[in-house]
Amino acid sequence: MKFTKTLMATTALTVAAGTVGAQEMADEMTIVSWGGAYQQSQINAYADPYQEMHPDVEIVWDESSAEAVAKLRAQNEAGNITWDLVDVVAADAIRLCDEGLAMEIDPDEDLAAAPDGTSAEDDFGDLLVSDCFIPQIVYSTTFGYRTDMVPEGVDAPDEICDVWDLETYPGKRALEKRPINNMEWALLCDGVAKDEVYDVLATPEGQERALAKLGEIKDDVIWWSAGADTPQLLADGEIFMGSTYNGRLFSVIEEQGQPVGMMWDAQIFDLGGWIIPEGLPEDRLARVKDFVMFATDTQRLADQAKWISYGPARKSSAPLVGQHADLGIEMAPHMPTAPDNAKNTFLYNYEFWADYRDDIDAKFQAWLAQ
Amino acid sequence: MVALTPISRKPVRFYVPTVALAGAFAGLLVGTANGSGLLGAVIGAVLLAVLAYVVTHFIDNEKPVRWAFVILFGIAGAALAGVSGAIIGLAFGWFFGWFTYWLYEGRYRARLAPYLTPGQVLWHFAFRVLVGAILIFLITPILVVMPLSFNAENFFTFTPEMLRFDPEGYSLKHYRDFFSSDDWQQALRNSLLIAPVATLLAVSFGTLAAIGLSSEHVPFRRAIMAILISPMIVPLIISAAGMYFFYSRIGLQGTYLGVVLAHAALGIPFVIITVTATLVGFDRSLTRAAASMGANPVTTFFRVQMPLILPGVISGGLFAFITSFDEVVVVLFVGSAGQKTLPWQMFTGLREQISPTILAVATILVAVSICLLTVVELLRRRSERLRGMSPG
Amino acid sequence: MSDLKSTGPQTADAPTPEDALHEVAGLEEKNGKSGGPVLAADGTPLKHSLARALRLQKLRALGLIAPLLIFVLVAFIAPIADMLFRAVENQIVSNTLPRTVQALGAWDEDASEVPPEEVYEALYYDFFIAAEARRHTRLGQRLNYENAGMSSLFRGSGRDVDDFREADVEAIQDLDDKWEDPAFWTAMMAGQGGEALIEDRRAAFMALADLDERGVFGDLQCAVSGLFGGACDPAPEDIALNFSISSEIIDLLPLTAMAYADFGVFTVLEDGDVVTEEEPWEAVLVALASDLRALTPEDLAAYEGAARDDLIAAKAAVDQIDPESFAALFTAADEDWGTRSPWLTIATYAPDYTSGYFLNAVDMQKGLDGPEARPENQQIYMMLFQRTLFMSLVITGSCILLGYPVAWLLANLPMRTANLLMILVLLPFWTSLLVRTSAWKVMLQQQGVINDTLVWLGLVDDASRLVMINNQFGTIVAMTHILLPFMILPLYSVMQTIPPSYLRAAKSLGATNWTAFWRVYFPQSVPGIGAGSILVFILSIGYYITPEIVGGTTGTFISNRIAYHISSSLNWGLAAALGSILLAVVLILYWAYDKIVGIDNVKLGG
């Protein structure tokens, strides 16, 4: 393992050296991420090995990803960019790219090719949803439920519409306090075919329909806004089932040993990844590009899955996913992309939400507040 | 405190029914928990009436009786509901022992004026119970936080093990986390660096301005006052975004100085308000007297004015300190990773991964502040004693 | 908190130079007939020397206030004003699409047609440079707040606009390699007389790219940031562009000259390249083709400048091509361009300052015939404002109810005991707000401490646990708890100054307990209530973290939406409008309070 790593690192370094040439590189780099276990997995998988190779580089972690869009805009307007690399979700990356706050990248030039020579563009494939976005992980928003609260004589919930089935599965639900994902699930359970969901949702009638469907369970929903909420609510037994990121559920189930089960049906895929702020001075840009080249190579992305159950964004990384670093369990079956889990998945439509986010959000919030 | 009223033992018809009433209430609680509230109330009333009568009529020695109460109730509680029941039982026992003698000996009357009617006495104590309840409301969250910080799991939940007082349910790991984590230590250092400097800035500028404002000839006084108080009025999120934007343009964003300035601005209204309020009661002829005796303005300020308005300055400073020490929205924007303060670290902790380390930190802070406040109070009493004043 | 009580005689009684001045005036009036003005010891008229003393005192007071005032103005008021100004600012439309906005001026919004071809042509040139500078998507974002779909309309069209009238571009480039040679272009365009045009395009580009002219204030700012180690780039208005356009070319090929000037400015300011080394972009060639088609052969023949023959050849080539209309091209890129909807939005939001955000903040929108109410299912802000005010009142009320008895007891207990109890009041202060809020969550939720206790006691059935969180009740409890010390401390300090003998006197005169309290004690404690209330009310109206955590859907405040618009939706204009309204409400209340009670009577435990 160690040997492979070193080999990979050397390769990456050579490639990096080739592209960057003799350019001057800064020695300090501010990386913005989300904090918590996720950031730790990035430190373990990317930053530590990188610093081993470049002992002179100092990496400062800033846990501001939740405010990244607002802060980047202000930095840009002020002409004083203090961040070098920012971890954001894909929807934010698109927004940042639209605002001209993130730098456009050329996948084949800025990202390392797969070990078998497949170009980065092909290796990442469809996941390059924006010109500025460097995908890193595939995560999904899905449901977890309390196994000990499943009524006797009833099977555990295994399809999305069980969320609406208050008779079979009494108890509170937790849903995120925003329209995204919830509206899609509501329409799916209201009989809309999977590939028509966004067409329906684009019409005012469709939006009303989704809200009406959500209205059926409104009284039994606790709306969450922070990623840590649903795991806490599940651990308290405050809710029967709730939506959250699959990595959180993995941690609740496997690391914390809570009586919680995972329902993968109609999980909605989303992406997390890097953007490089627009307007970096050259020496810093060179350093960041060097880091990104290293941190998004096939092995590094696969390594991250040792610490957190999010799927690597490269096709070539999937076979390399190994065991959990502390628990020693195989991580592959816990990936949202694992075939058993991905029997029925739903693809998040970025373009749609970029257009309708403000509009539907206004309606959604007005509906919520009623 | 000297007794105001001579006390005497009270008649049976007064204290036995009262104790029985309290017993009925306690019995109701225990009874409902075990099936029948009514039965519990009756048993409680009869039991305590009998006990009160017996101990006051047949046993002269108070101390052993009260210990007997504690032990008796403790055993009864343990029999009903195990360890937690025993603890509640001990508390009940202590209370009823004390309550019986308090009524029987008429001690409750000792500190009250002799002319009060029974109704007024009742009101006096009812009022105290009410205020006690409000004070408990004030510290409840702290009472909840403390045990949870010893939780063995990574959630804010009272686990069944904790409720059984099973040692397995408790652990010190969150405290270890706090002391061993660089993030937390760095955040603590930042908080301890930023808050005092911001406070100092707010207090020194604020006190000067308050003195200026309290002079009667300031033009545009109201407008100036409104401006100085505005940091308290503007919704924090607006201040945060505005400052972030402005500070990044002048290169203050993400520096200690920037955070300190922002926090000082937020703390200023508190200093202004408290100090001007103290100055309203300040007799200006004192400064004139000092000046007429040859003191220069600086001496006058430090030797005459300052000592008199010091309490206002201190309480303003306290508010300013807490504002900075507990502020999360503005620092989240104006600071960067290097200036991460404790509240920021807690905020990420709450949002990204619930971890009772936050509760451990809170407990430590509470413990430290209890110590500080106690020390201050003890010092105050000592200086009072030294000055030969009676406390109060 | 402290043991200092107000020290008897108030300052108002002490003599001041102003009083003396009045007195002197009175004196002089009296002595008016008998002699000259009253003189001070040094011989100057007393009036003057008193006036000087007064002035000096004023100056001294101002001198004491000045440092703080300047500090607050710079560190706080300036940022806030800057932020709130965004509520009306709307230059982005006219900065990004200046020519389109101008051309749209002639369009009749009430008519049922889409704008004429000139508008689409203007849009093409605006869009081209905006897309090169990656500013079109930003405008799309901005307009998407008003009309869902604008975001992808702009993003999608930005990708296609490079290829508009590709045939023209290829026809010219196929003629001769010269057309792809930067030096040839420089030579053709160079000359005197185009300075005004170039400066005009520079200004337009600076507006587009948000590059501010530096000016005096900017130089100052540069100096300040220099002190903190920030470097200043050269001001964009001073950078030498190093290319020129002749007046002959402007007369002959107006569109080309303009497009070339755009290209030149962009190359230097945005890319930092040299114009003479860069090949002009497609828009210049498209403009050239349009210009050439509009010319007669005679016009060209009369032209005596550089590259005449090449132009003639180019004209011959482009005349062969029947150009597609820009309207058709845009509609092909996205069919929405063929409808009135995006045009109406652009036209409505074209002015530099807009009331749109404020209208939105009160649940209205700009319609064709002025402001109109939003559809009912989007109305939320007025309701949130009302709720915020109502809940803040309830919170203030419960703080008074709970704080008054505590403060009363504290003020009437011996100092020793009072100080011990005061520790209980101050302790919550030392516990982080976040922790306290989380603790309330643990207490109030359905599987929480209170419900568990109630169920254990049998007072509540296990199946019907009380819902005490994620609603208004949760917010009120948690915020009352958090703000209670802010009520107790001012009340306490006021009550400390009320002598207990008043109550005793009232009672000895025959008043009942209640009358004594209500008629004697209570009125004296009103300033404390006022001070505490205004503090609690103002603080609660702007809170957002606590309602966010425990408020659920019905217990959230307007600040939660402001925070959402600042950090998630990036609709800062709306956030600023909402914030301004909130601020105005607070200021009105503050003003009313100042009028009724006087801000000096606010006491915070001093």
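First chain written, first letter: the chains are A, B and C, and each begins at residue 1.
Going forward, a contact is a pair of C-beta atoms (placed from the backbone, for glycine too) under 8 Å apart; a residue touches a chain by one contact, two chains touch by 3 or more.
Since we're looking at a predicted model, the values are computed, not measured.
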Note = Per-chain Cα centroid nearest the overall protein Cα centroid belongs to chain C
Note = Chain centres computed over CA atoms; the one at greatest distance from chain A is chain B
Message = Taking the mean of the CA coordinates per chain, how far is chain B from chain C in Å?
response = 38
Task = For chain A and chain C, let me know how many angstrom lie between their CA-based centres, rounded off.
result = 31
Note = In whole angstrom, the CA-centroid distance of chain A from chain B equals 42
Note = Within chain A, the set of residues that touch 2 or more other chains is 66-67, 70, 77, 79-80, 236
Message = Quick check: what residues of chain C touch more than one other chain, meaning two or more?
response = 230, 566
Message = I need the residues of chain B touching at least two other chains; which ones are they?
response = 156-157, 241, 245, 249, 251, 350
Message = Using the touch definition from the top, list the residues of chain C that touch chain A in their complex.
response = 133-135, 137-138, 140-141, 144-145, 148-152, 155, 210, 230, 233, 377-380, 383-384, 387, 445-448, 470, 548, 552-554, 556, 561, 566-571
Key: Contact set on chain A toward chain B in their complex   = 30, 34-39, 60-64, 66-67, 70-71, 74-75, 77-80, 82, 226-228, 231-232, 235-236, 256
Ask   = Along chain A, where are the residues that touch chain C in the complex?
value = 66-67, 69-70, 73, 77, 79-80, 95, 97-100, 104, 172, 177, 208, 222-223, 225, 236-238, 351, 354-363, 365-369
Query = How about chain C: which of its residues touch chain B in the complex?
reply = 1-11, 14, 16, 18, 54, 57-58, 60-65, 67-69, 71-73, 75-84, 221, 224-225, 228-230, 402, 405-406, 409, 414-416, 419-421, 423-436, 438-443, 449, 452, 456-459, 481, 484-485, 489, 493, 513, 538-539, 541-545, 549, 559, 562-563, 566, 572, 575-576, 579, 582-583, 586-587, 590, 594, 599-606
Query = Can you name the residues of chain B that touch chain C in the complex?
reply = 1, 29, 32-33, 35, 37, 120, 123, 127-128, 130-131, 134-135, 137-142, 144-145, 148, 156-158, 205-206, 208-209, 211-219, 222, 224-239, 241-243, 245-247, 249-252, 255, 257, 261-262, 264-265, 268, 270, 273-278, 280-285, 288, 308-312, 314-316, 318-319, 322, 326, 328-329, 342-343, 346-347, 350, 358-359, 361-362, 365-366, 368-370, 373-374, 377, 380-381, 391-392
